[in-house]
Amino acid sequence: MTSTIIHSLAAITLASGVALTAPANAQEDTVQIGLLSLTSHAPSIIAEAKGYFEEEGITAEFVSFQAAQPMAVAIASGDVDFGVTAITGGLISLAERGAVKVIGGALQETPEIEGQKILVSRQAHEDGVTTPADLAGRRFGITTAGSSFHYMAHKIADAEGFDRSELSLVTLNSVPAVIASLRSGQIDAWSIVPNIAGGLTRGEDVVEIGVIADYVEDYQVTTVFTSTDIVENNPELAERFLAGFSKGVADYNAALVDKTMSEEETAEIVAMIHEYVYTDRPLEDADPAIRAGAMRINENARLNLGSVEDQMEWFKSEDLVPAEATVENLVDTSFVETF
Amino acid sequence: MELMIENVSHHYGETHVLEDISFTLKDGEIICIIGPSGCGKSTLLRFIGGLEQPTSGQVLIAGEAPSGSLNPLTYIFQDFALLPWRTVEGNVSLVLEDHGIHGSRANAIINDVLARTKLADFRKALPRQLSGGMKQRVAIARALAVNPAVMLMDEPLSALDSQTRELLLDDLVELWSREKFSACYVTHNLAEAVRLGHKIVVLSRRPGRVRQIVEIDMPLGERFERMGELEETQRHLWNLMREEARAADMELADVA
Amino acid sequence: MSLDTTHAPVTSAAVPRPVAPSGARPVPFRGGGFRHKPLGFVGPLVFVALIALWELGSRTGFISPIALPAPSEAFAAFMDLVQTGMLWTHLEASLYRLVVGWTFGSLLGVSVGLAIGLFSFVRAGFLPLVSALFPIPKIALLPLFIVWFGIGEGSKVATILFGTFFPTVIATYGGVDNVDRNLIRMGQSFGLSWLSIVRKIIIPGALPAILSGFRISASIAIVLLVAAEMIGAEFGIGAYILMAGALFATDQLICGVAMLSILGLTISFFIGKAEKYFLNWRT
C-alpha cells in the first residue's frame, strides 16, 4: 500500500506532461494507454475506435504525453498500463529496476517500405556532405543521450568505418529544437521517420542523403511495453491488450502501409487517427500528413529480438545503461512471436 | 536680502489653495506662518523656496545674497529628510560636494556646524542611531553649512516631543542671535510662533488668505524670560485661529 | 504618581517603598512568542535528520528505488564526478554561463530600470514592452533562440540573460519609484545637480530593491540553467541533469539537483553578505 503511494508520488513529480492521472490500480477491464501524438501510436487508437479492445473486454482510456520518457515513468509507477516507445536508456534503466517490461514489437524498418531518412542541412550539403560516409567530423543532432537518434548516429559511424567520436553529437532535448537547428544550419545532420523527413526535405534548407535501413538491418524502432506488475500478476490482461492492439495493427498496415483497404475505409481510419494526431490542423490538411510515410508496424506485435539485442549491446558499449543490464530483464518473450 | 511675496494665488486642479497672499520678509527677520490645517502653508513655503510655481503672482528676491552663501534659500523639513545611508558628517558634506567643497575645507565647515548644533560627538553616527531631536539638529547643521540667507522651515519641530522642542527652540534663538539669518517658519504651535516670530502671518482656512499680520517687538533673546507678556498675543492669535479652525473642521465634516 | 504626591513639597527624602498587600501576585506575562530567536544549529540539524530518515527509508525498502534513490547513491554519483574530474568541467561550464548571463542581464536590467524610473519618455515607451515580454516563458522561445544565437554559448547565455533582465528591470524601477520623494525634494532644495541627485539619492535609495531583485534574478538564473543547457550543451550541471533524466539515472539526477541547490545557497549567502555591507544603514 505504502509503496503504491510512493509510486504515485513519484509519478506525479516525474511524469510531467501527464494530461490525466488515473487511479494506480485500473479496474479489471479498464486500461490506461499512454499516447504520444505520433502516427506510430495509431494501432491503439484504431483498436479503441473500432471496438477491438471492447471485444477483448477492455475499456481503453488514453493518457496523452509530450515525450516518451514521462510515459515510461508513468507505466513504471502503475499510473498507465500500456505504452509504445523506442528503446531508450531510460526504458532499460527502468526495466533493470524491475519496473517495466517490453512485451511486443511495434514500428520496424522493413526493406520494402520507406524507412527513416538521414538528413543534412543545405549548408552541409553544399560543403560536400552528400553521402553518410561524409558525416565524419560533422555535428549530428540528437534529442537526448540514449535516444534512438543517438543509436542511429553511431550505427552510421560503425558501418561507414569511422570512429564514433568523430561524429560530434549535439544534444538538443526536443524534436522541434533539432528541426530548428538543422534548418538554420546549426547542426549538419539528423535522422528521422519519413513523414517528418518528407516535410523537411520539401523545403529549401534540408537534403536527404541516405536511409537508416542501409545501416541498421530490420531496426525494431518502437516496442510495446507495460509494467512488470501486469506481466507478473495479470498476464492475461496483457494478452488481451495485445490481441486488440494486433487487430489495430492489421487495419493500420492494410490502410496506410500496404494500401489494400478501400479508400472509403482508409479515410475512416485516417479520421480516427486524426482524433489524436495533428489535431491542430483540419482533417483535410492532416490527411496527407497522416498517410505520408507510414512505416510498417509488426503484425501481431512480433518482436525482432535480434535488433533489440543489438541495441542493448550498443547501450552497454556506450555506458548508457548499467553494465549488468540484460535483454532478459528488458523483454518478456512469452507474449508474442519473436525473431 | 529681502523676499517679496506678491499676490500669490494657487489652484491644484479644482482645489483653490491660496488666494492673493502678499507680505515681505526683511533681512534678519523671522516670519512665522500659522493657519488651519490644509490652508496652504506648506504650499506657500514651496513657492518661496522655488520648488513649485504659483498659478498667479510671484515671489521676488531683492538685493544680493551675502557672499559665501552657497544656497541662499534653504529648507528645513518637518521629517528631517536625512539620507539614511550617510553618516551625520556625510549628510552635511552632501550639500557641500556639489559646490566643489571637499577635504579640509569641507571638514572645517562640518566641524563648525556640528559644534554649533552640539553634534560634534556624533559625526560618524548613522541617522538610525540618532534620536528625533538629534536628527533635526543634523538637518539644521546641514542647512547652516550652506550659509543660507533665508531659512525655510516647515513645522521643523512638530515631529518632536515637547521637551526636545523647547531645547531646539532655545538653540534656534541662540543661532539666530549669533548670525541674523532671516526665516519663514511654518508652525501650528502658537507658543513657537510667539517665541520666534518678528511677524506672524495668520492665514484663513482654505483658500488661504492673509487674515492678519501680527508684529511682536520684543527681542527674541528676552522672550523666554518674559513669556507672561506674550500671553496676550498668543491668546489673540488663538482667537483668530479658533473660528477658522472650527469652520475648517465643519467643512471637513461635511465632506465626510 | 498619585495626586497628593504632586502637591507634596519637594524633598530629597527617599520615597517610601510601597508594601505589597497579601494576595498580591505578579501580572501574568503575555508578551512571549511571535519573535524569532536566532537558532543557527536547527537548520542543519533538520537537514541532516531528513537525509538520515531518507537513507533509512531507502535501505529498508520503504522508499522504492524508482521513486527516489538513496542519498548515499546520489553521493556516490557525486564522488564519481569528483574522481573523473568531470565535476569541474560541468561546474566551469555552468558557472561561466551563469556569471556571464546574470552579469549582463543585471547590468542591462539596472540600466533600463533606472531609465524607466527616471525618464517619463522611456517609461511610456518601454514599460508596456517590459510588461508584455516579462511573462513570456523563455523556454518556449528556445527553438528561436537557436536560430538567433546559435547552439553554442550564445543561446545559453541569452536564455539566462533574458531571464534575469526583466525581473531586474522591474525591481530597479520599482526601487526608484519608492525612493522617498522628500529626499529628492531636499536634494533639489539644496541645489544639487541632477546627476548628484541620481547618484547620491536615487541609486542608494533604490539599492535595497535592486539587491532583493538580484536575489530573485540569481535564483531565476539557476532555474533557467537547465533550460539553457537543453540546447547543444555537452557539459554543465543542467546538461548532466538532463542526461540523467533521459537515462533515468535517478542517483545522478538527485546529485545534479543537489548541486544546483548548493549553488543557490552559495549565491544567496553572497548576496546576503552584500546586503549586510551595502545596507548596514537600514534598521
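Which chain is which? They are A, B and C, in the order written, and residues in each are numbered from 1.
By definition in this document, contacts are C-beta pairs under 8 Å (C-beta built on N, C-alpha and C of every residue); 3 or more make two chains touch, one makes a residue touch a chain.
Being a predicted model, the structure only gives us computed values, none of them experimental.
Looking at A-C alongside B-C, one finds more C-beta pairs in contact between the chains of A-C. Seen from the Cα centre of subunit B, the chain whose own Cα centre is farthest off is A. When each chain is reduced to the mean of its CA atoms, the one lying nearest the mean of all protein CA atoms is C. Inter-chain centre distance (subunit A to subunit B, centres taken as mean C-alpha positions): 82 Å. Subunit A and subunit C have centres, each the mean of its CA atoms, that are 42 Å apart.
The distance from the centre of subunit B to the centre of subunit C, with each centre set as the mean of the Cα atoms, comes to 44 Å. Taken together, the subunit A residues at the contact with subunit C in this complex read 2-3, 6-7, 9-10, 69, 72-73, 76-77, 88-91, 93-94, 97, 99, 143-147, 170-174, 176-177, 179-181, 183-184, 186-187, 320-321. Listing the residues of subunit C that touch subunit A in their complex gives 62-68, 142-144, 146-147, 150-151, 230-234, 239, 242-243, 245-249. On the subunit C side of its complex with subunit B, the touching residues are 180, 182-183, 185-186, 188-193, 196, 200-201, 204-205, 207, 279-283.
Across the interface of their complex, subunit C is touched by residues 49, 51, 70-71, 73-75, 77, 79, 81, 83-86, 94-95, 97-98, 126-128, 142, 146, 152 of subunit B.
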